[in-house]
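Two complexes come next, and they have one chain in common, chain A, joined by chain B in the first and chain C in the second.
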Partner chain A sequence: MSTDLQDAVAATLPGAKRQSATRTRLWGWLLLPPAAWMIVFFVSSILIVVALSFGTVNANGRPAFGTSLANYQALMNTTYLTVFIRSLVYSVTTVVLCMFIGYPVAYAIALHGGKYKNALIAALVIPFFASYLIRMYAWSTLLSDEGLVNQALHTVGFTDGVQFLNTPGAVVAGLVYGFVVFMILPIYASLERMDIALIEAGKDLYHSPLRTFFAVTVPATRAGVLGGVLLVFLPALGDFVSAQLLGGPSTFMIGNLIQQQFFESQNQPLGSALTVVLMLALLVFMVFYLRATQRQNRET
Partner chain B sequence: MAATTIATEAKTTHSTSRRRRSVEGKPFFAVAFTALFFVLLYVPIVVVILFSFNSKKSLSVFGGFSNRWYVQFFNDEGLQSSLRASLMIASIAMVGALLLGTMLALALERVSSRPARAVGTVSLVPLVTPEIVTGVAALLFFTGLGLKLSLVTVIIAEITFSISYVAVIVRGRLSSMSGEVEEAARDLGCTSWQALRFVTLPTIMPALIAAGLLVFALVFDDFVLAFFTTGVDPQPLSVRIYSEIRLTISPAINAVGTCMLAVSVLLVALSLVIPRLFGRKDSSLDLISGG
Partner chain C sequence: MTNSNSAPEPTVRRRDFLRGSLGLGAAAALAGCGFSGDTPAPAASTSPSGSAAPSESPAAKAVIDGDLVYFNWAEYIEPTVLEGFKKEYGVKVIETNYDTYPGMLAKMSSGNQYDVVLPGARFVEQLRNQNMIQRIDKAQLKNANQSFGWGSYFDNPWYDPNSDYSIPFSMYTTGIAYRKDKITTMTGSWADLWNEEGKGHIYVLDEADEAMGMAALLLGLDVNTANPDDLAKIKDKLISQKPYLRAYSTDDINNLAGGNAWIHQEWSGDFLNFINYTAEDPKIWEYIAPKEGMPVNSDAWVIPANAPHPGTALVFLDYLLRPENIIKNIEYLGYPLLAQGGEATYAKMVEGRPSLAIDLKNIDDTKVYRNHTPADTAARDTVWTEVKAS
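Moving on to the complex of A and B:
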């Protein structure tokens, strides 16, 4: 029933208007507890982070609110800037690798999964609900100097062994392993939604399957790829577990610095400033992202 | 951790997909690549499970099957109290998030006032916020109020983070439900509450169960939020594992990990299967995805 029609019918019935008003009030009351919860525990806590980033640590080591820019000035040195740039490089590399790994996988499942399609997607999703920590720990034992991978390399002749842990490669590999599903699912969804006639028309037009793929399939799934970029980049930039378990101080990311300020240096205001920098970086990324998706919507 | 949200996108249209097979030849590269991908996806998990049964105290040499690490895990009072703590956190957070998330979903589906839309937007923000930010914020909030960090603070933080998941999944189910059914119930004399209790809730029940199981699995496994908001004793299982693997290498961790994997796999598999038990013919993945 359309709302216009509903309103028209409602107007003719005595007491109907009153009833719909109470109904809206009922739903309004339902909104109150979750809204209050989110405002108290989420919105206000984020505001506290922003406020404390302008604070100081007083003489007895306790954090205090203030209006000082000292924390942000402290971040403007090469040590911190190196870590910021490193975090960005690792995250962007992770996104690109996820794209190159995720696209063929999503493509194979969506177009050639046949009756196993749902089973394959379930097989893909289930490991990602298993503890991220346990999965990172598993890689750290596999890749360690005496781990199974090095043993296998030893038996095929690489007697020197390869050091995997504490390298940027291991950290990025951990991030890719941790978040690649967030790239595959949106691409899979957009392939599923794609009109099959487009590929048929592409075949007629371009003949070559490869040209059809790049001229038809890839543009048609751009929204899925963009969605995946967002969903991989956000958690990758804030991650600290991969760098902690698979890397070392030379591969630390911004998340490790934040963690250190809160649990080792006990400098909460500086940790807050680092968190604000991370949030700002993500905000800038989101703005560009939304622009890109809007442009995409206008084009299609 | 946002797998449920993106899965929202993953809806299948079966009619076109069957035709699709004939359109393109099998690209062997993509198929072989996918096979390799699945092998790499499962290798670390299989290794954890295999070495949890290792009779040797080694993480690289397998010396035969034994249950010694499980015996050690079940006799370790510290690990056991952490396991109980994690189960308690996940259960309470599941109930809390289900209650608040369902309220949010019901209200957002029906109230379109400006404040309601603002709440709707804010409730999506935790889904795109890295966990470390949420963790830092919760830590500062609790210590700022002078609260002692404990399992209670972990539970509050986990509920805050899970409300959005529940709301997204339940809204997906609600939006596919016709409003006329509830309308009809009211025409037949139901009050708004009765319509909600006897018509709407039974309809969204599969989504509630799936959302509950997923929240339990996510919270039970969660490390980052728990790490930032937990007190000293007892610590949630994931935090305890983290401190142990940084200190020593113990195969008992493999046994703990295998148990955690079993819990999450069971819960996620249940959340995939349950809609079928409710006689829904459409893909069970749609449900996880809120379809």
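Moving on to the complex of A and C:
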């Protein structure tokens, strides 16, 4: 789901605006396969989810289409609100942490990376070629009470060991680890695009380095930060893997809820209704993002 | 997120991941998502009567009629048994795996054709109710006496009267695993999952039926209850357990091996595999059969109604029932097989651990997880969601 959202986000990024390119017939034909792909695999699956959210489950646990509002009525339960707020707190925390980690990293690579820039970016990205799920699983093994990290701590004198896993902190840490690269890359890109002479100009005008940073660098890279915020926030809010593998008894997130409805509970209609509500909530954030970037486009 | 479409997913093996509720194969399972139309289905709570199977085609004969299209958990069979079948009958085995039962059902419902499938008991009932599996003529199986006619409970199991449509395969109980080096105050009750010594190191299985069933047994209720008062009590009981829990998880073997779990609600077969293959020191581990009773669950082979090669399927099921193959499978899987020839083998495997012993003639089918009506399913599911969300 979130991969599709990212595609959608990428398509709406300012740079992707329609250029008045010469529209030859060839271009039209070339657009056909991707358009067909999007309709078949993206639009249609969303339509099925929306349609199914009004459906029912029959006596043998199979979903059937319908026109019932029962699934949405079932969501009028404070339990779901609790889970949603918890997910919101986790994902906002994740975004903030990613920003504090991502910005310095992107800054260091873009401005001080020199000839190693590309190598450093590759070093950041390559671990992400491995499935997110497998990396999370690896963390849960490494950080377990008698895992490698605790064994190492034990040998250097921390005989009590540290419980890393199964806490809200572990879930947020998992989300940060999983999505921080989505923060680094857009910020890196906007820093790359920025004219370094601007920083020098700031210094020439007797700004302190800190003031130069906040008065010159940050505004110039706001689009990158906003893009990063969105790219981290959206998948973090819908994530279920981190809470499942690193979470405790009270770290259930909205993604876990949806996953549970689709699989264990065999209640795809209720899962679909939850998905629709989540998508609508995400849409609110998307609109906010688009307005913010539009404003910036007007300013620059 | 990249987990559903980038690197190849790990194969979910039932041996260390009993029912794959993590949804690793989310994309795979949903890809075959099938929707039922308006066809009325018999109420799930009433068992089908043996005679009422409409539009029955004549039962297949055990004669090879093509390659075997085989649909099962990954690695849930001894590899040389499968190899032996290929060699002996000169057929290919086209293998597909599922990682959750709902995923299995979705693939079958969307029209994929298989010759043999291994659903869990309640899914056998669902498939039978939906006329998706065919009657198995026991006269076609030379080794039918391994499974039937010697007083086994599975001559007439709850999910399939007279085992008309299925051949029982393996089973497990749900009990409690614990570490003797950490915990000294176990009482042999489900209340041990509220043990003070184990606080913060206790795991409950992340499955609605298992968690709610355990609480129901402790409260003296039916494991399948959907009565609102009962459900309210179960909910309060489970919420009272939260301060003691490390997590809800079905990743039991990793939880035990990583040292996070000192007390773990646990499946018998996983426990046996854990102490036989994974545990550094098996002697510190003990398995408890709680005095309030243990849930029992099983699976069974079925032949789908649309199987392309039902003859080969019958030959295969007969082949699995040969005593030597039963023994090989038990030794490999660590689960007791529901056949006469395997009893001694399993008894030897669990020697010295009486809580793992199983008596196939005396299965308590009041403690199996059954199918519910949609309303009851929703009521139970709401309670489970409220427990986990709190």
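Keep in mind that, in the parts below, the second predicted complex is superposed on the first by the 245 of 300 C-alpha atoms of A that agree within 3 Å, B and C clash if a C-alpha of one lies under 4 Å from a C-alpha of the other, contacts with A are read in each partner's own complex, and residues count from 1 in each chain.
As a convention for this text, contacts are C-beta pairs under 8 Å (C-beta built on N, C-alpha and C of every residue); 3 or more make two chains touch, one makes a residue touch a chain.
Because the structure is predicted, anything quoted here is derived from the model rather than measured.
Annotation: superposed three-chain arrangement on chain A; chain B versus chain C shows a clash.
By the touch criterion defined above, A:R222 reaches neither chain B nor chain C. The partner of chain A that touches more of its residues, comparing chain B with chain C, is B. When both complexes are overlaid on chain A, the residue A:V43 reaches chain B alone and has no touch with chain C.
Contacts of A:V105 after superposition on the shared chain: chain B is touched, whereas chain C is not. Once chain A of one complex is fitted onto chain A of the other, the partner contacts of A:F262 extend to both chain B and chain C. Once chain A of one complex is fitted onto chain A of the other, the partner contacts of A:E146 extend to both chain B and chain C.
Touch criterion not met for A:H154: it reaches neither chain B nor chain C. Of the two partner chains, chain B and chain C are each touched by A:Y132. For chain B, the stretch among 94-102, 220-228, 256-264 or 274-282 that collides with chain C in the superposed model is 220-228. Chain A uses residues 1, 52, 128-134, 137, 140-141, 144, 146-147, 235, 238-241, 244-245, 259, 262, 268 to touch chain B in one structure and chain C in the other. The touching residues of chain A, counted against chain B in their complex, run 1, 19, 22-24, 26-28, 30-31, 33-35, 37-39, 41-46, 48-49, 52, 101, 104-105, 107-112, 114, 117-118, 120-135, 137-142, 144, 146-148, 151, 177, 181-182, 185-186, 188-190, 192-193, 195-196, 199-200, 203, 209, 224, 227-228, 230-231, 234-235, 237-241, 244-245, 255, 258-259, 262, 268, 271-272, 275, 278-279, 282, 286.
Considering their complex, residues 1-3, 52, 56-65, 74, 77, 79-80, 82-83, 128-134, 137, 140-141, 144-147, 150, 163, 165-166, 178, 235, 238-241, 244-245, 247-250, 252, 256-257, 259-268, 270 of chain A touch chain C. Contacts from chain C toward chain A in the complex involve residues 1-10, 21-24, 26, 29-30, 33-38, 41-44, 100, 102-103, 105, 109, 126, 129-130, 200-201, 207-208, 242, 245-248, 251, 254, 258-260, 371, 373-374, 377-378, 381-382, 384-386, 388-390.
Looking at the complex, you find that chain B touches chain A at residues 1-3, 5-7, 9-13, 16-17, 19-21, 23-27, 29-31, 33-34, 37-38, 40-45, 47-48, 51, 59-60, 100-101, 103-104, 106-108, 110-111, 113, 115-116, 119, 122-123, 125-126, 128-134, 136-141, 143-144, 156-157, 159-160, 163, 167, 179-180, 183, 186, 192-193, 214, 217-218, 221, 223-224, 228, 238, 241-242, 245-246, 249, 253, 257, 260-261, 264-265, 267-269, 272, 283-285, 288.
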